[in-house]
Amino acid sequence: MRVPVTFGQYVPAESPVHSLDAKTKMGLVAAFTTAVFLVDGFPGLAVMALGVALGLRISRVPARIALRGIKALTVLLSFTLIAHALRWNPATVALVRLGPLAVDAGGLREGVFFVLRVVLLVVGTSLLTLTTTPVQLTDGLERVMRPLAALGFPAGEVAMMLTIALRFIPTTAQEAEKILVAQTARGARFDEGGPVKRARAFVPVMVPLFVNLFRRAEDLAVAMESRCYRGGEGRTRLNASAMTGRDWLVLLSVAAALIAVGVVL
Amino acid sequence: MALVARDLGYTYSAGAEYRIEALRGVRLTLERGDLLVIAGVTGSGKSTLLRLLAGLLEPGTGDVEVDGDAPRSRVARGRVAIVFQNPESQFFAETLMADVAFGPRNLGIDAAEDVAAAALASVGLDPVAYGGRSPFTLSGGEARRGAIAGALAMRAPYLLLDEPTAGLDDSGRRDVLAAIGRERATSGVAVVTHDPDEFLGDATGLLALDAGGVVFEGDVRDLIDRPEGYLAAGLRLPDVVQAQVLARERGAVIDRVELQPLAAARVLAQARRAER
Amino acid sequence: MIELRDVRFVYPGARRPALDGVSLRVEPGRTIGLLGPNGSGKSTLVRLMNALLLPTDGTVSVDGIDTGDDASVWTIRSRVGFVQQNPDNQIVGTVAEEDVAFGPENLGVPPAELRVRVDDALAAVGLTGLERREPHLLSEGQKQRLAIAGALALKPSYLVLDEPTAMLDGAGRADVLAALAALRARGVGIVHITHHLEDVLGADRVIVLADGRIAYDGTPVELVGDPSRAGSLGIDVPPIVVLADALRREGIAVPRDAVTAEGVVESLWPS
């Protein structure tokens, strides 16, 4: 047995949020995003934050994990804040002055508002990826995209592509690790020299990785053809997911509440 | 002067909830001229053992010494060469020669190309005819030998091979076995396999693993006296040995087990005549 | 029946045909072992059997349907299951049962029947209980049996396998061989490409290809009983057969069909 390679962000747990259909959660994320952009004041943000906290609570996902996504954005967020708050020689009264540089009260407020909005969006939408497996996500996506098929959009094919990508991410990761170790054994060094030298050191890893990927793609095409794959049309599904009454109830009531908050506050 | 492992153990993801004890309590000595066969089913820890011996993993318990030095030390760099499973899936260079020369060049060996040419010759690939070819156009057996040459070019006194004949046709397999046989004249060789048949005839020792633990170690011929652990590990006795074991169970008197089919036939025929 | 009549196949741009003058029949419930050195045309031959390739000359038909008949290509592919060497490269689903369902899903089989087919196919290869397992968490032998189950879910009459045991260890190989033996008993016709004569000692027939032509067509026992013939075909006779042969030369009668350790010892010391 190999150690389960977890990718994506799914946090396994039994919760009312986990058991919602992926399509329901996608609908909720859409409503949430719309609401966050409709909100134009701090009270609105506060209500939204409360909602997200409640969602986290019900889903049993540790807040620590939900907040992880923010870390990656620290630089960007700090920059946003500074860009809004700092003014060059403002005519208005400033909070703090440092030579020609000044921190402007209105700007600061605006910056904080933007930052909080982004944080809310990131944490709120991550509730979807934290409680839904990648497989459920692609399945849901396929269903959501299906109406587009009428317009000629290859919804089935896109979903198949995503499924295959998901299927081969762990395999490719295992393969990359194998090649890395093998080339290390042949004396390759990945930790010496400047950035250019380091990047070059990865050529003996990337080349075989890609060669093998292409070979795999060829085999896979043959395997799919042999098993009668001929596009998304007319395919049935073993585990077709369906929205239940509970899903509809949750979707409609929560979405309505979110939009209402967005419009009012 | 030997490659020595003492009480060697390793656990993946040590400390984590899903840690896997892949190896424990292995000791072995590999000297130049030895051919050690390491057997075990998938997941028994064979590859982990090779990685530890080659210094690609830091031992969890116990230690490894290569001619008296730690394999990860600077002085020991390049003393242990290793050929992974399906090594031909790691080719990257435009020519076979450049690929084979990759190792020696990394080690700073002068005239890496000459060393590479010699390595190609020693696996039975003419460096002139094959050196300039793209490694991606070689046939199964040629590619495997080319990849093995890549390890031989490291000029290491110890050579570890993980399933070197898997997936080859009979002629490819014979070529690889011949190359390994030649290499053994100057190096200590350890071969991981799940089909010990092909190597047992020449092996100087056998180490069988099951779920990370040693279930048999010693001379191959001793297998007939204590095959329990080996068999319980899901390994198959080579048919030639199995025939002698069965014969003995049915009352034949066999003192010394033979590993080669012709010698084994003599033993069985003799036992049969002795009964008359 | 799969029938090849005087088939020649030339890859586009190739100078020599990959197959030339090949005629053979695959019958339901029978196993053919297909051997031959690398490049002798084995993979090409089996790809002709499920319309992945079409013959340059000659004809290939499956239960009377010509593989060149465009309208019947999906019928042919569902009658002739195809399994390749590397199990990792042919598993499409993200969990075992979804991979098995892939074939019949493509045919539009209704969900209720899909479930039955998936469960049957997994049971046939001994993978019941691993329905929700992700492929990369299966052993190589399990993955290859999963690939076989994926072919079986199409309810094929024939199964062609291109070196299905080449990447497996002894245990995985034994499991796959056992699964194939069970399928033969159920009436599936099997073409099994391998490099190991041992793998197909139990086959009804062994065919050896050389340079795109059939160089040997007979029973496995006949082949191992004639080591010099096998040698000239580039096939290594299993050590136990060499042993049996040496016993015969010592004047001990060992039947020709004794090709296992048990068989040989049985003839010397009957139990």
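Some observations on this one:
Read from first to last, the chains carry the letters A, B and C; within each, the first residue is number 1.
By our rule, a contact is a pair of C-beta atoms (placed from the backbone, for glycine too) under 8 Å apart; a residue touches a chain by one contact, two chains touch by 3 or more.
Bear in mind that the values here come from a model prediction, so they are computed numbers and not experimental data.
Contact with chain A and chain B alike is made by C. Chain centres here are means of the Cα atoms, and by that rule the chain farthest away from chain B is A.
Here the spacing of chain A and chain C, counted between their Cα centres, is 44 Å. Our note on geometry: chain B versus chain C, Cα centroid distance of 29 Å, whole angstroms.
For chain B, residues that reach two or more other chains under the stated contact definition are 43. Residues of chain A in contact with at least two other chains: 1, 4. Residues of chain C found to touch two or more other chains are absent.
Touching chain B in their complex are the following residues of chain C: 37-39, 85, 139-141, 163, 166-167, 169-172, 195, 234-236, 238-240, 242-244, 246-247, 250, 252, 260-262, 264-265, 268-269, 271. Per the touch definition, chain B reaches chain C in the complex via residues 41-43, 86, 139-141, 166-174, 194-195, 197, 234-236, 238-240, 242-243, 246-247, 250-252, 261-262, 264-266, 268-269, 272.
By the touch criterion given at the top, residues 1, 3-4, 178-179, 181-189, 203-205, 207-208, 211-212 of chain A touch chain B in their complex. Contacts from chain B toward chain A in the complex involve residues 12-13, 18, 20, 43, 51, 54, 56, 77-78, 81-82, 84, 87, 89-93, 102-103, 105-107, 136, 150-151, 154. On the chain C side of its complex with chain A, the touching residues are 47, 50, 52, 74, 77-78, 81-82, 84, 86, 88-95, 97-98, 101-111, 114-115, 118, 134-137, 147, 150-151, 154.
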